[in-house]
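One structure coming up, written as structure tokens, with questions to follow.
The letters A, B, C and D name the chains in turn, as written, and every chain counts its residues from 1.
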């Protein structure tokens, strides 16, 4: 895509990149548009577990963060992630992309689904994990 | 505790420390005994999100890993974590300890609860998050 | 639809209607096709909780059963539901339809998302709850 | 127990028995004390699925309701269950007891664990399923 990112996307990328833990993981915000956010975690040896696959904690990080940013596209920035559930389908041996989609909301809460994909050595797209979570607006 | 760690605990600590992502997070395996595993993630500025609290992804990492190691105390080492659910109760502003306890098992599967605690500035123990998950023996 | 149901759909409807608890709830199997199953629970006073809304347990029943039948469209009939997670968004004051969609599978397991909708007094479609779950093939 | 139930327990039993769906299932409130609630669902042929085991939807109903009542012991009666997760460990071939325990709370929310047990033909206690959920105080 050669399109200029929207101001909202640029701001979200700054917030995302400003998370110290995201800088440690070296993740990128790929998409940020109404109802959708996507996060890429490129392959790095530092992100693996003892069998050479991507650590499940990295997958959970990506799901947590993608769900929070997707919820932010509809609820604004004063939100907290209330909970997530994660199903691990297959170990990932490459970088991943976590794409989160808002499937419903109330005045205070959004519920978000997430899919985590990687690409195997043959170039085939693989579903690594799925998640579901909710974020709520912080009461003042 | 001045007790010498059991050989199983020492081995588990080596496996744990051998996870590259765990080295990046700088977590420690505190406990590893039948049905229980505990992981400490000491406070570090690199583990925060944009508001200065511990990143939810770090909490999810600790729950994922504590559940897997607790399941390993009863199922052995050839296991995969099948899924986790996480409830975030309060943001953490210090290091955390995630303690996972096996509450039941079948021949192939264990179900594990997890609590994540931190200590606030006044020294009070705080429940940060809870988790529940399952791990299954890998089929050969 | 005036189409004749497929033989698979007719068989699934018989299995579904043969569940004694489903007969007690008076639910119907609306859809059963590759990757998708939908269940209708018509409004009945016997299905409510103390505030006059549909009991959360009925919503959970519908999600559990829709996920199991959707998984059955891709894994066959020798399956067990391993787990579900449910997010309740709004109370339902009418009958509901739970639609479950398989979003991925391995050789032994399917992961399934589910949405539960109702129609309010003004005829508007409302998202009541969402779910996610897994089913696995029974080992012999 | 020959003790007279507390007034709170008696009131909770009335609310519980006043749920039309609970009357349809024929469940009983066994315990209701600070931080704990337990629900019994006695064996009945009407509660089974097609293989002769207790329907997973009945297990989910018991977990949902036990979590809600346990949360009510600490949050009061103006609450909604926000979500539950369920892990099914083994099919139940008898009645079940779901015991829910509050493991933490904030001002507005409680997080609750739940275990579902049955007794097999030999009189052995069996863990059928586990759950975790949250309930929140309704905003006025």
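The rule is short, and it goes like this: contacts are C-beta pairs under 8 Å (C-beta built on N, C-alpha and C of every residue); 3 or more make two chains touch, one makes a residue touch a chain.
Because the structure is a prediction, the values reported are computed rather than measured.
Across the two candidate interfaces, A-D and B-D, the one carrying more C-beta contacts is B-D.
With chains reduced to the mean position of their C-alpha atoms, the one farthest from chain D is A.
Chain centres here are Cα averages; for chain C and chain D they lie 21 Å apart.
Annotation: 34 Å between the Cα-based centres of chain A and chain D. The centroid of the Cα atoms in chain B and the matching centroid in chain D are 28 Å apart. The multi-chain contact residues of chain C, meaning those touching 2 or more other chains, are 82-83, 85, 87, 134. Contact residues of chain A toward chain B in the complex are 15, 18-25, 45-50, 55-58, 60-65, 68, 80-88, 91. Taken in their complex, chain A has these residues touching chain C: 85, 87, 89-90, 103-106, 109, 111, 113, 115, 127, 130-132, 134. Note for the complex: chain A touches chain D at residues 82-83, 85, 108, 134, 139.
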